[in-house]
Every structure is written in structure tokens, then in C-alpha cells.
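Both of the next two complexes hold chain A, though its partner changes from chain B to chain C.
Up next is the complex of A and B:
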């Protein structure tokens, strides 16, 4: 599941019941910092695994949607129906419940965000690779885009001061309660909201792939066919249990990736809705 | 066994503690959300949105704990 696993596979000595007595070392967060292949590029961290995976994810999304939208017709064929199904899913579950009819112009944007984040999560399902979103830099860029968009659209729809007034002083409250509400709202809307928006996606991907790496790494460590026959049988049993755990968490991880892409898009659309109209 | 001899990073325990509250909170949000949808199935759309909003706000606490477990210098 990671570079650590490949390194471990290359050195055969370290296994359970082995006679050289080396213990199990769990994968560390070092697996999320792959060595860049071309490090000496000015103004950049170099070209590493994340950049390649990002290009793969972007290419996959571009190919998918250009395939869906090729030769569009009024009566959709099978291929076009699947594409329309996805767009209708975004419309009926994300933009319509949060923004209503006036959010329809954001459907293409939300579909793009959703499918790109999903593809960037799914790169973690390729064995030995990482989800692109397990690097904080990428999720921060997504959250920052949404943050700037909410402020720009808010100023456009509610006026410069109007937007900030509606956010900081939510209308329809007794005067004295603003003493309590305003500091909380400033902190929540302009600081905690964008930070958690980025961190949520990052942390779930990070924790998920670390968990999968522990199972892969542990299963390999516990497999020792060169020990005495009795111990070898026990090690195969242990390793099989680790494999079952790996498969179970792999399926769980697919669900988490789908949910997180959905939640990110839903929250983006909620935040944009607060820019389109003041809270009631 | 001497309990002071256990080594490791105490931040992990902090993450475990921070998740207790968030776990209870997420359980309450989804449980009551399901109940609300069961009582008023026609209000599913807005309810679902609010469930996810509440879930996201609560989950932020667990995420802060998770990030601090790695970010804060360990003992």
C-alpha cells in the first residue's frame, strides 16, 4: 500500500518467528512524503508520486466526461444516460436541497468538483499508491477556491458590507445576543469553516490509507513460510486474518471515499448558498 | 508491571479522548435524523442537508484531535 511495503518486500529477513529477532515496525507518516524524483526545480517541491497521481486523476476525469458528452442528442443513448444520471444525482442531492432553483447554474461546477475529488481519492485504491488527497496541499487548494468563491459571490449578490453584515450579525435576533454570537460567527465563518473544510477530506484519506498500510505491512510481516511447519501454519493463519481485515477495510475505504467527496461538495454548495442569500 | 515504564506517544490517547465526544455527537445526529425522516418522509431533502451539516460540524472536532495528534510534539 505504500513505499514502506515495497521496501519491506525487498528485504526478506524480517518476519514473525524469524531467527534474526527483528520486531514489527508499523508504517509511519513517512509514507506520505515520497522522495521526489526531480528535486531541484526552483519554486516547487519537485516532481514526486503525488504529481503523477494527480495527472492520472485529472486525465481520468477529463476522459470520462468527454466520453459522456461526445455526440450529445436530445434522446440520450445508453452512454449519455449514465452521464445524465450522475448530473441528476448532483442536482437532486446536492444543489437543489441546499441552493434551490437558483443554484442550477452551479451544477457543472459541483459535478466537476465531485468527480475530480472522487478520482483523486480513488488513486489510493491502486495497490502501492496513495490517494492524492492524503496530501494537505491539494485539499487546501480546493477549500481555498471555495472560500474565495463564497466571498466574491457574496459581495456580488449582497453588496460589500451587506455580505459581511449578514454573516457576522445574523438577522432576526435580539440585540444583546450579538455580544455572544458575533465573535463565534467571525471565528466560525472566516476561520474554522475553510480550515475544517480542507482538513476533513485530508484527515480521512490520510487515516484511511495509513490503516490499509498497517494491514498490508502486518500481513506481510506475519507470513513466514521458512519457520518450523507448526509455526509456519500459525503464521499463514495470522497472515490470512490480516488479509481479511485488509479486504474489509478496503471496501470500507471505498465507501469513505464516496462519502467524503459527497460531503465536501455538499458543504461547498451550502457555503455558496449563504453567499447567494442571507440567512433567514 | 510498572505503568510509568510504558513508552509511546501520549498524543494518541488525546485523539482517542477527542473522538469520544464526536462519536456520541455523530450518533445522535444520524439517529435523530433517521427518526425525523421516518416521521416526515416528505421533508427528506432539507433534513438530509441539515444532517450532513451537523455531522460535518461535529466531525470537525474529531478531525482537530486527529491533526493535533500528529502536529503537537509528543511526550
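Up next is the complex of A and C:
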């Protein structure tokens, strides 16, 4: 891991129609490994930008929710309405459709996890920054938390053997089919599910920020005002096209961040529901 | 470039420091947002829901009460109508009964009057008869004495007349007596 890998921007002097003739350097995976300020931790990249962004995300979530829940009244103001809207959104779109009324006790948890994941995605919207969830460690932490919760709640609601039996021997099937179904279910429920739960969020954030970086780098590379007037005009046109693409994908990325936070929470709710009641 | 790619760190490696800080972040959010802020907002939501629901409930209750009262009123009205009709019927019956009774009484009274009148008449007749009989005796005696006085010269004839008269009188008397009885 050399230091130059971590350099985010391309060579500053490298532009389209430039004299030095250097080509475009696309952003690399190195952009997801910012220079750590404190690197002497064994087995870790150290304290780096991700942890600062995490702090920002958590701070934003705490501030926002303490603001939402301040001076509450039966007749809500605009501020309170937004908080209520978010809770009702979680209830009507996540917990009620997956768990029904009995899932109402998970509304606060789902609201919290949705808010935190969304904030950790939105840090990628700050220019030059990354979504916190573009690092696998955080999404694995979330997925593992949900995984442990599903097992603990499943055992609590269906009994130790009962939960595992319902998961690997889905009831209401002919006996012989379990030969086929049980290995698949074991693999799916206890291995593939948590892994994909973590990877999905990570991959979309990772790819999305990489895409935005490509547009940003490309736009910057193609802008060359020091070239001949004709070529400079062409470079401005190219660069403008890249900027438009960047803006379009920026908006698209906002949608993806929202959707992925929603999907993660929805899946968490779905998995928890299987712990609350036996599979159909 | 190729060397760089080869040297690039693995994005799938899980950094335990980041994992730990992520877990701490989640715990912080859990204690402040999941346990405090969101339930506070939800409580107000529930309270409002209760208030609205309660309002609707109260309105429904009031409506039900009004309906019940209306029903009661209607029943009472019907009942009083029925009672009125019954009273009317009863009154009619009573009137008929009173009239019938009065008529009967009047008939009885009339009968009684007729009876008493008959009795009175009978008594009067009786009395008159008794009186008449007495007077007839006197009158006849007087008549006889006059007749006798005028024809006293003829003593033989006198004797005969008196005898005959007495005889006849005696017969008459007994016959009349029997008749009266």
C-alpha cells in the first residue's frame, strides 16, 4: 500500500490537449482508502476520513432527532410534522407490510437504523467526501447486528429448536422435498442472507461514489483553458457535458442512497418477521 | 498502472477499527434516537390518535344516545296513543254500561212505582169497598125505614117486605163477601 495510491486527484497538470501528453487517469479503488492520521493500529487502516464522516453522520442523526422531539405538542408544528412523517413512513412502508401490528414495537429501532444508514450514505453528497457505507466494515456491522437480532428474537419467540426447525424445515411441504430444501435454506438463511444484506448496501455506495468520481475527474481532465482557443472551447464543451452528467448522476445517487437505506431497513424488518413467526 | 492495481488494498477486507466505531455509533443512535427521541414523538402521535379517535368515539356515543332518546320518545308517543285509544274504548264501554244500568234501574223503578200504584189502587179499592159496604148498610137501612114508614099501615105487607128484603140482603151479603175474598 504505497502512499501515491491514496492520492485522490489525478496529476494536477494533466489535461486534455495538454502539452505534457499525459493521458486520463481514472479514479482508482485507492480513493476509498484515504490517508490515515493515525495508522499504527495492527490489522487496520487506522483512524481516517471514514471515522470523521461517521462522527458527522451520527452527530447529524442525533441533532435532527433531538430537534424533532423537542417541545412536542398534540397540534404539531412543521418541525414535529417532519419527524412524525418519517416515523409514519417507516411504520406504513416497512414494519406494517412486513410484520403487521406486532411489528409496531420495532418502529423506533427501524427508524433509528434507517436514519443512521441514510446519514452515513449522505456523507457522500458532500463534495470530495465519501459515503460512510462505501466501507464494508460498517455495512457488515449493521448486517451482523440484524443477524444476531433475528436469531435471538427467533429463539425467544419460537424456542431454540423451534426457530431453527422452522428456518431449515419450512413447514407445509412433502417430506422428500426437505432433502432439497433444507441445504438450500441453511445456506440461504444463515449464510447468504447476512452476506448479501451487508454487500448490497456497500456495493451500491461504493459504485455510486466511484461513478461520481469518474465524472468529476473526467470533467476536470477535459477542461483545458490554456490550450489553443478552438481546442479550449471544445474542452469547455466536453467539460460541460461531464458536469451535466455529474449533476444527473448526483441526483440519481441521492435516490439510490434513499432507496438503499430503505431496502436495508425493509430487509431487516422482513428477517425479523421470520423470527417472530414461523415461515409460511 | 498494473503494479498499482496489484498493490491496491482489498476493498472486501473488514477493518475492525471501523467496525468497532460503527458499532459504537449504532449504540449511541440506539440509546438517544431509538430509546428516547422516536418514542417521545410516537407517544405524541398515539396521544393525538387517541384524541381524534376519542372525539369520534364521543360523537358516535352522543349520536347513539340521541337515537336512543328519539326511540324512547317515539315509543312513549306510541304508548300514549295506544293508552288514549284504550281509555276511549273503556270510556265508551263505561258509557254504554252506565246507560244500560240507568235504563235497568229506571225500568226497575218504573216497575216498582207501577207495583206500588197497583197496591195503592187495590188498597184504595179495598177501603172504598169496605166503606161502601158500611154505607150501603146504612143507606139500605135508611131506605128500608123510609119504605117501611110509608107502608106501615099494611102490617101484613110490611112483614112480608121486610122478611124478603132481609133474606135477599143476607144472600147478597154472603155472595159479595165471597167475591171480595
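Following the convention adopted for this analysis, the second predicted complex is superposed on the first by the 263 of 280 C-alpha atoms of A that agree within 3 Å, B and C clash if a C-alpha of one lies under 4 Å from a C-alpha of the other, contacts with A are read in each partner's own complex, and residues count from 1 in each chain.
Heads up, the rule we're going with is that a contact is a pair of C-beta atoms (placed from the backbone, for glycine too) under 8 Å apart; a residue touches a chain by one contact, two chains touch by 3 or more.
Note that the coordinates shown come from a computational prediction; the quantities given were computed from them, not determined experimentally.
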Joint occupancy of chain A by chain B and chain C, clash or fit: fit
Output check: A:84 vs chain B and chain C. Expected answer is one of first, second, both, neither. What do you get? second
By the touch definition at the top of the document, which applies to A:29: first (chain B), second (chain C), both, or neither? both
Regarding the shared-chain residue A:196, is it in contact with chain B (first), chain C (second), both, or neither? first
A:207 contacts which: chain B (first), chain C (second), both, neither? first
Examine A:116 and indicate which partner it touches, taking first as chain B and second as chain C; both and neither are also allowed. second
To the nearest 10 degrees, chain B and chain C lie apart, as seen from the C-alpha centre of chain A, by 90
Quick one: classify A:99 as touching chain B (first), chain C (second), both or neither. neither
For the three-chain arrangement built by superposition, which of chain B and chain C touches the greater number of chain A residues? C
For A:129, using the defined touch cut-off, is the partner it touches chain B, chain C, both, or neither? Pick first, second, both or neither. neither
Just checking: does A:263 make contact with chain B only, chain C only, both, or neither of them? Give me first, second, both or neither. first
After fitting on chain A: smallest Cα gap, chain B-chain C, Å: 7
Please write out, lowest number first, the residues of chain A touched by both chain B and chain C across the two complexes. 29
How about chain B: which of its residues touch chain A in the complex? 45-46, 48-49, 52-53, 55-56, 59-60, 63-64, 66-67, 70
Interface residues, chain A side, partner chain B - complex: 29, 93, 96-98, 192, 196, 199-200, 203, 207, 263, 266-267, 270
Applying the document's contact rule, which stretches of chain A touch chain C when the two form their complex? 1-2, 4-5, 28-30, 32-33, 41, 43-47, 50-51, 54, 57-58, 61-62, 65-66, 68-69, 72-74, 76, 80, 83-84, 87-88, 107-109, 111-113, 115-116, 135-138, 140-142, 145, 206
Note which residues of chain C are touching chain A in the complex, please. 4-5, 7-9, 11-19, 21-23, 25-26, 28-30, 32-45, 47-48, 51
